[in-house]
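Both complexes below contain subunit A, partnered by subunit B and then by subunit C.
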Partner chain A sequence: MPSPRYRREMPQRYRLEAAKCKKCGKLFFPPRLVCAACGSKGFDKTKLSETGTIISYTIIRVAPADFATQVPYAIAIVESDNGARLTTQVVDCKPEDLEIGKKVKFVFRKLYTEGHTGIICYGYKAVLV
Partner chain B sequence: MREVAVIGCGMTKFGELWEKSLRDIFVEAALKAIDDAGVDHIDSMYVGAMTPGLFVGQEHISALMADYLGVAPIPAMRVESACCSSGMALRLGLFEISSGHSDIVLVGGVEKMNDGADATYALATAADQEYEVYQGVTFPGLYALIARAHMHRYGTTRKQLAAVSVKNHHNGAMNPNAQFQREVTLEQVMNATLVADPLTVLDSSPVSDGAACVVLTSVDFAKQLKAPLVKILGSGAATDTLALHSREDITALKAVKVSGEVAYKMAGVKPSDIDVAEVHDCFSIAEICIIEELGFTEKGKGGPFTEQGNTALEGKIPVNPSGGLKSKGHPVGATGIAQVVEVVEQLRGKAGKRQVKNATIGLTQNMGGSGASSVTHIFKI
Partner chain C sequence: MVGIVGYGSYLPRYRIKVEEIAHQWGRDSETVKRGLMLKEKTVPGMDEDTITISVEAARNALKRADIDPVEIGALYIGSESHPYAVKPSGTVVAEALGVVPNVHIADYEFACKAGTEAMFVAHGLVKADLVKYALAIGADTSQGAPGDALEFSAAAGGSAFIFGKKGVIAEILDTFSYTTDTPDFWRREGAFYPLHSGRFTGEPAYFKHELGAAKAILNKSGYKPTDFAHAIFHMPNGKFPLAVAKRLGFTKEQIDAGWIVPLMGNTYSGSSPTGFSATLDIAKPGELIILVSFGSGAGSDAFIFKMTDRIDEVRDKATKLKEILENNRIYLDYGQYAKYRGKIIMSG
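Moving on, here comes the complex of A and B:
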């Protein structure tokens, strides 16, 4: 991830910043410029709940180069308690501990070390609660 | 608006084509299609390709292919919509002829995935780079998330997923252009190496090289040529959220449903009128979701519908007689037009051992990413 692009996404990756449509109340993560539900363009800045529920999950066993040393790792789609969904790794657990419907908490972690320069990329992951 | 027909088709064998370059395979398929059509020129061309830039470091392939096909200075355009690039390209060819702008248009697709690029990375660029791929998601991973949710909600079984691969390999074993011309068993699929649980390597389409082309013209012009004529009755395309997690129901492929509904409406046919279908089985679960969205069976019933043999060659609605992406191979940019090549051959009654009996109306459905774009066409002989 080239650094300008990495820096731009920090509010989402570090602080889970989201946007709530002023008109219909739908929550978007990451923030957008147009509400996909009602077409309105006004948003309030807000934050994802720090807990959520597993909608689905998988264990990645063949990964792209940046993640190759981490396999096998768990990936889940999680719905935050305030209603936005995201894709995240679920860590500090065994694959067999995962289930649809289980509760998780978001945590701040290292995601991967990038390419030859070794820049460390951070962001959110989830752990079972 | 003029009616449009497919009058010629051609494709390379799909597989690991180490001795042939990106340009060679496109030209090979294009020459076959032009020869099959019996035309002495083409007015313009569209080339579908997902990412030749990442796979072989070559962009601007519209001009490259026109140059090497020896047809410059005709206009040529590259079309990209991930794995449905050439399905989308077909729409542009259709519109160009139906509008009366051109009389003969070549539409093709090509991808060279085996020249040393990191295919997992290149394919993942069709997902959301910032919010899916950044977390370590892969394409098998995205379809595994769909599969797990489908199994949880509808009771779809591991064995039903495997039945898709078994059926498609059975068909592909009869296709001389297929990458894997061999059968697999339910046990082999279920016990194969896991790629992303619950999907194994035998639930997954392969990394392939290949090209496919068709020649289109107006129905009136086709009659003068006395060429075998397959009409394009309907065309529908649609989009959905790029990230899988943004969808309210991750087992629903809304773009597939909408692209199908638009194509059915334009063609004036219903799902029960379709005699043969080629659909985008990039993973076994994809075929199950797609046959539900296209109305061949009810939502949630795609697993048992497949297991009961309804989508087999002799079934109620034969799906992927070519072997599908799973067995025939999936050079991503070429897949959409390769599906058209199969349906045209089926409608012409020239599909050999895998011929579907008395097929007169055929459907192709081609999809990009985890279902963020889809294009459906309906054909009639």
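Moving on, here comes the complex of A and C:
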């Protein structure tokens, strides 16, 4: 990920900032300009809850080069307790520990580094509660 | 009243046992365990570093402080394993906590006492009314060379403390610093692992500075060892803090709450601060606590705290150290440990 994009995404990757539609109350992560549910353009800034539930997951066994040392690792769709869905790595567990419906907690981790000399990119991941 | 208004800790879930490291290098594990008084140590995950540990510890501190992060006017991180050689750890942590942009930030480095350095300065700024709240963090993912004695102890973890004048849970009654130029442990620029002077790290380094700072603050404040409910000394291994406590006249019972090194290892800048955090988890209102850190190079920072009634309101708002230490442990073998710590040279 190029550095300018990483910088733009910090509110979401670092602080889990989301947008809640002022009209219909639907939660969006990342925030949108127009509500996909009611078409409204008014949003309140909010945060995802600290915990969520695994909706689905897969185990990556053949990974891109930057993630090759981490295999096997899990990527899951997690629904936060306040209703937003996001894709995230689930770490600090074995593949057999994972189940749909298990509770997770969002944590702050290194996502990857831009080579040996580039910036270190940080953001959210999830761990089993 | 100036003191701590919130505190929190974080340790990685991964562990390696002394037996596993001893087996790798042909050492007798029972001799090592008896000599160092260690059982196992924490190991950072491949996606964990001083910055991620600092964020998690500080989030726990914010839960207990119950303040708006934008009111934090200074944020300092003490570590000898800052991920960047040039670029502050503190900026990432401040951004993740929502503290930016009206904040003063600096990274500190003084071997194992960088965390209490951050605490020392944070306390001073609040006392001088330069900032409303100041956040001080001690965190490390410490390095021990393969086969070196340090490999049995060098661990990962950290603790965070928010200083303020409103909502104090532990008032600071006194501070003292004791420092000399003592080359007992060092790492040159570009070197992967630190070096140390073997037995020279004991009497002329650890003991001289721990005893010097502790005796000086006791003399300055007028307190005696028997006045304290709890004492925390830096924990490079299990044995040294017990020995220094005995020489000062403290009992094993007084240091028990913070003597977490047998299961945690030495978290360097996070060592005595995390022992202090574990002590705050069980301390009662009105009790006195003495904390004396040690950093090679060398120096010690000493603090005397008095617990307030508010501790009973906040301690359950975040996970306690004992739970972090004993729950969700994932044990690694030496091969996995070497991979996680980047000790394997990869081709290409």
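The rule is short, and it goes like this: the second predicted complex is superposed on the first by the 127 of 129 C-alpha atoms of A that agree within 3 Å, B and C clash if a C-alpha of one lies under 4 Å from a C-alpha of the other, contacts with A are read in each partner's own complex, and residues count from 1 in each chain.
Criterion: a residue touches a chain if its C-beta (ideal position, glycine included) is under 8 Å from a C-beta of that chain, and two chains touch if they have at least 3 such contacts.
In this text the structure is predicted, and so the values were computed from the model without any measurement.
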item	value
Which superposed partner A:Y14 touches (first subunit B, second subunit C, both, neither)	second
Contacts of A:Q70 with subunit B and subunit C, given as first, second, both or neither	both
Touching partner for A:L111 - first (subunit B), second (subunit C), both, neither	both
Which superposed partner A:D92 touches (first subunit B, second subunit C, both, neither)	second
Partner chain in contact with A:I120 - subunit B first, subunit C second, else both or neither	second
Subunit B versus subunit C as contact partner of A:F43, first or second or both or neither	neither
Shared subunit A contacts, counted only where both subunit B and subunit C touch the same residue	70, 111
Of all residues in subunit A, those that touch subunit B in their complex	1, 5, 9, 12, 30, 36, 55-67, 70, 73, 75-77, 85-89, 95, 100, 111-112, 121, 123
Footprint of subunit A on subunit C - complex, ascending	13-14, 45-49, 51-52, 55-56, 59, 83-84, 87, 92, 95-96, 98, 328, 330, 339, 346
Partner subunit C, residues of subunit A touching it in the complex	10, 14-15, 69-70, 91-93, 107-111, 119-120, 122, 125, 127
Subunit B residues touching subunit A - in the complex, by the definition given at the top	118, 120-121, 124, 130-138, 140-141, 144-146, 148-149, 152, 193-199, 241, 243-246, 250
